[in-house]
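One chain, chain A, appears in both complexes that follow, with chain B as partner in the first and chain C in the second.
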Partner chain A sequence: MDQEKQTQLLSVRNLKKYFPLKVSWLKAFSKERSYVRAVDDLSFEIKYGETLGLVGESGSGKTTVGRTLIRLESPTDGHILFEDVDLAKISGESLRVKRQHFQMIFQDPMASLNPYMRVGNAIGHPLKIHHIGNKSERKMHVYEILNKVGLPPEEFYNRFPRHLSGGQRQRVVIARAVITSPKFVVADEVTAMLDVSIRSQILKLLIEMKNELGLTYLFITHDLASAKYICDRIAVMYLGKIVEIAKTYDIFKEPLHPYTKILMASVPVPDPKMKTKKFIPTGEIPSPINIPSGCRFHPRCPYATKTCSKIEPELKDVNGRLVACHLYDQNGKN
Partner chain B sequence: MISMEIRKGIKGLFKDSSGLMAFIGFMILIFYIIMAVFAPFISPYNPTQPSGPSLLPPTISHIMGTDNLGYDIFSRLVWGTRMAFAIALIATAIAAVVGIPVGLLVGYVGGKTDRVVTMIMDSVYAFPGLILAIAIAAMLGPGLLNIAFSIAVVYIPTYYRVIRSQVSTVKSELYVDGARAIGAKSSTIIGSYVFPNVLPSTIVIFSMNLADSIMTEAGLSFLGLGIAPPTPDWGYDLAKGQQFILNNDWWMVLFPGIAIITIVLGFSMFAEGLDEYFNPNIGEKR
Partner chain C sequence: MSNILEAKDLNVEYLTRDGNIKAVDGVSFSLGFHETLGLVGESGCGKSTIGLSLLKILPINAKVSGNIFYKDKDMVKMPDNEIRSLRGKEISMIFQDPMTSLDPIMRIKNQFFETIRAHFPKMEESEMVKISSNVLKSIGIDPSRLENYPFEFSGGMRQRVMIALAIVLNPSLLVADEPTTSLDVVVQLQIMEVLKELKDQKDMSMVLITHDLGLVAEIVDKVGIMYAGNLVEFGDVDSIYDDPLHPYTQLLLVSIPNVKLEDMKLKYIKGNLPSLKSPPQGCKFHPRCPFAMDICLKADPPTFAVKGRKVKCWLYKGEKDGSRKTDTASIG
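Up next, the complex of A and B:
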């Protein structure tokens, strides 16, 4: 048990993030407040050096998970054990100092850099904030990291972000995220806004950085192909809950949860002759304000039974994988 | 605000050639700045001493004529430029020094503080500017700093409003989240991430407010609440000239009036040009 705990960098327990809906103050007296349940009771672990993929449709709460893990949002409830510290419980100065150990790469490289800060200063800023090294050491470090992310420092150090392309900006953002040698990096749809031709380069860069600096990633994406490429394990999220966690190989070979099956089936196959029976999910993802009773997926699930609309399934061990679905109740017991 | 109306008018006049507009504005300002700096060399007579017969129409020796006390109007006009610039600059600087930091802080903090401060600022803003300035100037009495201060109070809300609304948009930008994620302190975020991004709009308000405060200053002097005479001051000269207008002594009103109009126009054109330069897509929004 102790051994197992040591291999875990991050352990999330019953994480909840509800956003209160804005109501006029008159109504607030009479009515109970309603919430957007963006993240609803999430538990998972990330081991040292692992890349965990978090996949799901838009609106499933993936980004909120990422933002909450690095405490850009404070969780409504639950624990985020980062080594020995519960990130959900600390705040203020102790949290600020701790921030050098976990970073986030945002989805939109166009918006995540201060337009009035030169590339070199932007990358070196985390070092300055956390008082790492003196001025010349910091500059050396920035040069080094610029080289690593494939931007010649002489050329890029003094440029403004507006002079860079999307891919170059994303490289700058990655450089800034890893310059303090963090232990944990949340990569939020890093490739979503980039051209397809640049995606694989950025993914390769992420893998290189990981190998070189010993990083651990939470890789948030809706692009299953890139998840398959980079992740060790994949967690599938639906409406604020994880419905399945398994090794990447297993989940692509045999998805268990009906939602995962549908997600996998939605990946286009480059073979015009292949005609598989695809179940395209009907309708949109329900609103996280009025979450369906029982299993969240039952209104769209092709296998839904009566139990599904009544009892919410828990994440259970099915053949060494975690699945939250009533279909596998028997299997779980065996 | 008066300069808003002027800006709308001149904008229509110049349409696409905002560069030309800024250039003309700039030239007018340069003209007045040279006049202010070299006043002792340009003005032919001492502006606070009679230099000829009273109420003399424009002649060669007194190119703008003399007033009822025999002061040379051209000399007073030249020296008055100094006063106009001094008060406008001091007043705008006070307003900026108070309005910008308050707007930054309140906009960043948000919440209840924001609501309370905005309410106070809005109530000042809603008050007719000149009347508020009159009230404060009457309380403080004449004097350069007092006038500057009473004008400043009127323009603090302009800064506050623009900065606050800019900050509340910039605050939700991803790069501000990014700054929080790397562990920047709030002071660092405001200083290095928010402030540079709202700065361009302050420069524009700055030059716009200069125009407004020259108008307000002239208004205060016109009403006798400005600088104590006989210090040369356009508003005061205008008020004095107005008493003799029925006498057909048009030169006493005309020249200070033209001076006020052109300098305000100069500032407004310059501000509009700057605005186009710093926010090239603002024209589409309007």
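Up next, the complex of A and C:
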């Protein structure tokens, strides 16, 4: 490893991921191909030891970003600079070897564990793939990590996933993701399938793992409330674009983009007296095949003006934060 | 007849090869006309089982004892044909996952017709189209989409269709089992808004089953907190949120992630839900309870009436003579 003093672990530049639509061969001759523009020109950086939250509704492309960053998908265009390697350019064996440095925790702990594989073997599998240690060393390592994630190894090593509860399964998935001591972990909706009471346990575990192993996270979620506890910065994504990116404190103190405000208002408040009419967005996220002209959010935006339907706003600096919205065009004029 | 629904000492046991699982253990509650009840608890606490037993659609290995009075008729003993005439017309249900609970190869239109025909076999098709369009419109979907198949709808829209299907025959009781769990926050808010409107406009009682205490706060009148098959606290919504009595309710309330800036500390309930096959001795919550006393390890607490609420916890043994608001029988 190079000892260069760089602070950026990951730097994403103009990342694009388009999925081509299936067209009948008759039409294929005449018309231009249409695409699902899942990720459309994204740029951001993640520093060493930082947790970046990626927040948005389903269909905003946040999972595609996560999958593309660790090259489960090949990007259509753009660069993913991981330390000094452009992940978008490498493939085959060189990519495979690199994979031990970045891992992913998937959303559904029921689906991401092989039902026929014992917990211990599942966790040790990445070590086997990357030829780390011999059999007994690997087992020791698995015992160690099981202890760390709060599952007593004597009890859990030989169990099958079906014997575990949702929270325990998610712990196993986390153990498997961090066993190769990766530098970068993509956590994709880790808490979405879990009960509210288990959610905080898992978030705490993620924070502990980060502090102990020096991880860097991309934390993907639709729930701003859980992002608050774990993220250093939050990027809000809408229809393939980042609309706001700022420090967690700033976002919660004063969300700037109308979409961020909506996401904030959507978090349920446990108070029966809060019966006031909330700021409820109408409609749903549009299809990424026919992206609205101008600002992508204008059909649902309560503050939309004529400019919004014509000109697409760029990410601009507003009081030291980045926002893509015409409301803040003249030096933060509101 | 003061209550639309009254459960008395309800027990549901699943008989399995490796032993019996007591999913619901001596639960009693009541629900008045035009009231909404929130049943809240972690996965595996038996809340969905209660929901299913209200429609009598439990799996075949379930053994039910106790009583469920629906409009003073005991549903547990009711014969099947009578239940069938209630299902969908009087009592209907919204299921958790809209992706799997709609028939993928049937037009939405036909799914409505199927429901209506089950109760009114001789109804004209034009009449059925009229009824279904009106219901769809009231829920915010364009009636022209009756011709569509479920795959042509998004998750939130599918859940709306499910709700429309459930209320098409104007039921008096609607059971919603985790209606928003598989949806994301913005759509969740929209669906809750639909349910809230239904509650205001229709003459309907509702049972809302969820794991999120935050979600139901605005909509329910009564709350029942479930833990490992027991109803540990039951009362009206304001008092439960203002002054939770049972330690589990207190912990559940503080463990909800929020968006307040001043509150950055993660709070959670330690440990996991106990196995229902071999529940702990005494109070089932004692291994996770911060206030556990000696007696909690030995004996299962009875239900005490405190401040017009029912609490199943030894902490309230002395306060037995709180003012009694509900007239339901205490749990044994």
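Everything below uses one rule, namely that the second predicted complex is superposed on the first by the 317 of 334 C-alpha atoms of A that agree within 3 Å, B and C clash if a C-alpha of one lies under 4 Å from a C-alpha of the other, contacts with A are read in each partner's own complex, and residues count from 1 in each chain.
The definition used in the following text is that a contact is a pair of C-beta atoms (placed from the backbone, for glycine too) under 8 Å apart; a residue touches a chain by one contact, two chains touch by 3 or more.
Remember, predicted model here, so these are calculated numbers, not experimental data.
In the superposed three-chain model, the partner touching more residues of chain A is C, compared with the other of chain B and chain C. In the superposed model, A:I129 makes contact with chain B only, not with chain C. By the touch criterion stated above, A:N14 is placed in contact with neither chain B nor chain C.
In the overlay built on the shared chain, the residue A:S181 is in contact with neither chain B nor chain C. Applying the stated contact rule after C-alpha superposition, one finds that A:L72 touches chain B and leaves chain C untouched.
When both complexes are overlaid on chain A, the residue A:N211 reaches neither chain B nor chain C.
By the document's definition of touching, neither partner reaches A:S293: not chain B, not chain C.
After overlaying the two complexes on the shared chain, residue contacts for A:D223 are found with chain C alone; chain B is out of touch. Within chain A, not a single residue is touched by chain B in the first complex and by chain C in the second. Residues of chain C that touch chain A in their complex: 42-44, 154-157, 184-190, 192-193, 211-215, 217-218, 220, 237-238, 241, 251-253, 255-259, 261, 264, 266-270, 272-273. Put simply, chain A touches chain C in their complex at residues 57-59, 165-168, 195-201, 203-204, 207, 222-226, 228-229, 249, 252-253, 262-275, 278, 280-281, 284.
Residues of chain B touching chain A in their complex: 173-175, 177-185, 188, 192-193, 196-197. Listed in rising order, the residues of chain A touching chain B in the complex are 67, 70, 72, 96-100, 103-104, 106, 108, 111-117, 125-126, 129-130, 173, 176, 180.
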